[in-house]
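In the two assemblies presented below, chain A is common to both, partnered first by chain B and then by chain C.
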Partner chain A sequence: MKKYILYTLLILSLIVLPNHSKAVTDTVDLSTDVMEFISISVTQNDSIAFGNLTPGSPLTGSGGTRISVTTSSQFGYDLAISDSVTGSNSTLLHTNVTDRIADYAGTIGTPTIWSGTGLGASLYSGTGKAVKWGSGTTYNDALNKYAGIPENSTVIMEKSGYLANPDLSYIGWKVDVPNNQLTGSYAGSVTLTATAKIN
Partner chain B sequence: MKINRAKYFTFFILLAGLISISRAHAISLQEVVISANVIDYIRLSVPENINNSDDICQNDTSKPWVVTNNDSGYFISYENIESNIKQLSIFSRFLSSDKGCDNQFGPQNNSVSNIQITSAGLLP
Partner chain C sequence: MKKSKKLIIVSLVILVGVFAFFNQTKTSQAHTDTVDLSTNVQEYISFTLTSGDTPAFGNLTPGTPICYNTGTVASVTTNSANGYTLGLSDTIASTNSALVHTDTTTYITDYAGTIATPTAWTGTGLGATNYAADDTHKNAKWGAGTTVCDVSNKYAGIPETATTAHTVTGYHASADTSGWGFKVDVPNTQKTGAYAGTATFTATAVLTP
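On to the complex of A and B.
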């Protein structure tokens, strides 16, 4: 008799127990808004030392400046340049803290093939390079077109669309002075700005 | 609670503007340092024929004898090859395009001389 009772309990437990482990489900909703991120870094030639400059013999330094921009913007970014120096003067200031080397006459709106004197910059390579910068492909290419560096931040390249990887651009520099430029050492700095596009 | 719709609307527009501005300023900056050393330059360009004292004056800025960027000035010397007389004229100042007239410089009136002229920047 005990044996039958035991078998019965066993069978009942097999039938009933699965009902005790009945599963229930629910969901957790997850969301996030990825904010815009942008960073710029000069990964090559963040210091341009032209060396000795003889009036009438322009110099281009020893290489171009490589700029790397990383952004999460889905619309791309703008790359701009400025020197915070008013008027037609460039950032290159004499050690007497008075005399400056002038800006090159070409403008960012209309860069020109090098002709004349001053400090100029040329965007000679970049995924968003505009035709106006000339057909040069190296930092000292004679086909590069140059512009003086403005006081306020001015866009030199517009890059559209999402960029999964760092975007590289290259700037070449050139300087020459008239034969009445005061002899001596000149130095200064130029600011590059990357701004994420929001639409 | 009574809501002033105009104020509410203005607040909303300002808030939207602030959000827009903060998003537009997602920027990153980097500096490039540039330097150059302008070295001494001097050019001497004299008339081939000097006929009178006016010719030896550098008062015509369109035809300067000497152009230099030397901030210590320069000197001009000449040697009368026939008489071996040397004279020296010094301009001890920075003149991008000298227009001075040195009375001691040049041949004597009514004489014909073959002179050799030299110019050089001065050391500081």
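On to the complex of A and C.
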């Protein structure tokens, strides 16, 4: 009887065991460092025509300039402004290519409520807007604070953290001149620079 | 004289009788029986990645794919009469790849091609390709590439669970190898920083053809 059971078990084991498959594994460790991508575009009002300017009656144009920045930086980006014009002159140059309208006196370090003359810019809206720009919320808000535009690129807004979508910010412009400003047409360009933060 | 002859004849008869008697006792009978031996050899399989098991893509600029230029060589030794399969997996659900940011939340996606239908590289994500195999075991679906970064390679995202990416049939007396490559790219919006992860190869002996 015992012999019969043993033989039966042996036969069963030979039938059953081959159906067990063996699987063995090994792994691959992958790694990469994703570099930053950044793009900037003025998506609204990239041309501000103030129109006729009467000395002592400042103008703000017809709308704010909208800036769109897209970046993959996990640390955010800086938005800077410059006009490549030295000294206290603004970018607005007379057709005589000599005379200029002055920079507004407020600085990016310390913008001020509009007072006086010159060409000024105000960051009136943005996800990274600092309190120093005043409490205005529209392009011509009296509560906006203005700064002259420096020769070299200077940061007007710091935005921290990763942004899955384009980030929008808005700049308002204002200009006035003293009574002795040479009449005529003035024009110029301002440069906006977005720089991804890498740490 | 007559009496002597008789004696000689009697002696010869006795001798023949004695010889016959002893000769008869030396004849033996033989009986046979047999032992029936049997065994069923079970499968053995071992698997190791002999090179390229730590692909470090380095700095990745969005839109500029990087192919890791050292192939990952999978070496399988098995006594299986029916060969083996090699599966790929990353244990990451959905369309995310194994590559996760140091924030532990953000992933690089899987490449869109699948193991069932790999595609020539286009787009972004992490993809794998089988660019070489012993004998003629490389499946044509992986493209006509023959080197790790061959532009003719076709790529697939790595699925969450082990999925057969390579099938080798028949018995192989020695180790059977296959070459695998990895490629990655990301969209402009991919968060910057360091990403890392692990993909798993699984070799399984085939028991029934």
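The rule we apply is simple: the second predicted complex is superposed on the first by the 166 of 199 C-alpha atoms of A that agree within 3 Å, B and C clash if a C-alpha of one lies under 4 Å from a C-alpha of the other, contacts with A are read in each partner's own complex, and residues count from 1 in each chain.
Everything below uses one rule, namely that a contact is a pair of C-beta atoms (placed from the backbone, for glycine too) under 8 Å apart; a residue touches a chain by one contact, two chains touch by 3 or more.
Keep in mind that this is a model prediction, so the values were computed, not measured.
Touch criterion met: A:164 reaches chain C, while chain B stays clear of it. By the touch criterion stated above, A:74 is placed in contact with chain C alone, chain B being left untouched. In the superposed model, A:190 makes contact with chain B only, not with chain C. Contacts of A:36 after superposition: both chain B and chain C are touched. When the shared chain is aligned, chain B and chain C each come close enough to touch A:198. When the two complexes are overlaid on their common chain A, residue A:173 makes contact with chain B while staying clear of chain C.
Of the two partners chain B and chain C, more chain A residues are in touch with B.
In the superposed pair of complexes, A:27 makes contact with chain C only, with no contact to chain B.
Chain A residues 36-37, 39, 73, 196, 198 lie at the interface with chain B in one structure and with chain C in the other. Every residue of chain A that touches chain C in the complex is listed here, in rising order: 14, 17-19, 21-37, 39, 70, 72-75, 162, 164, 196, 198.
Residue ranges of chain A in contact with chain B, taken from their complex: 36-42, 45-56, 59, 65, 67, 69, 71, 73, 91-92, 101, 119, 171, 173, 175, 177, 179-196, 198. Contact residues of chain B toward chain A in the complex are 20, 23-41, 43, 67-71, 94, 96-97. Within the complex formed with chain A, the residues of chain C that make contact are 40, 42-49, 52-63, 66, 72, 74, 98-99, 101, 103, 106, 108, 126, 180, 182, 184, 186, 188-207.
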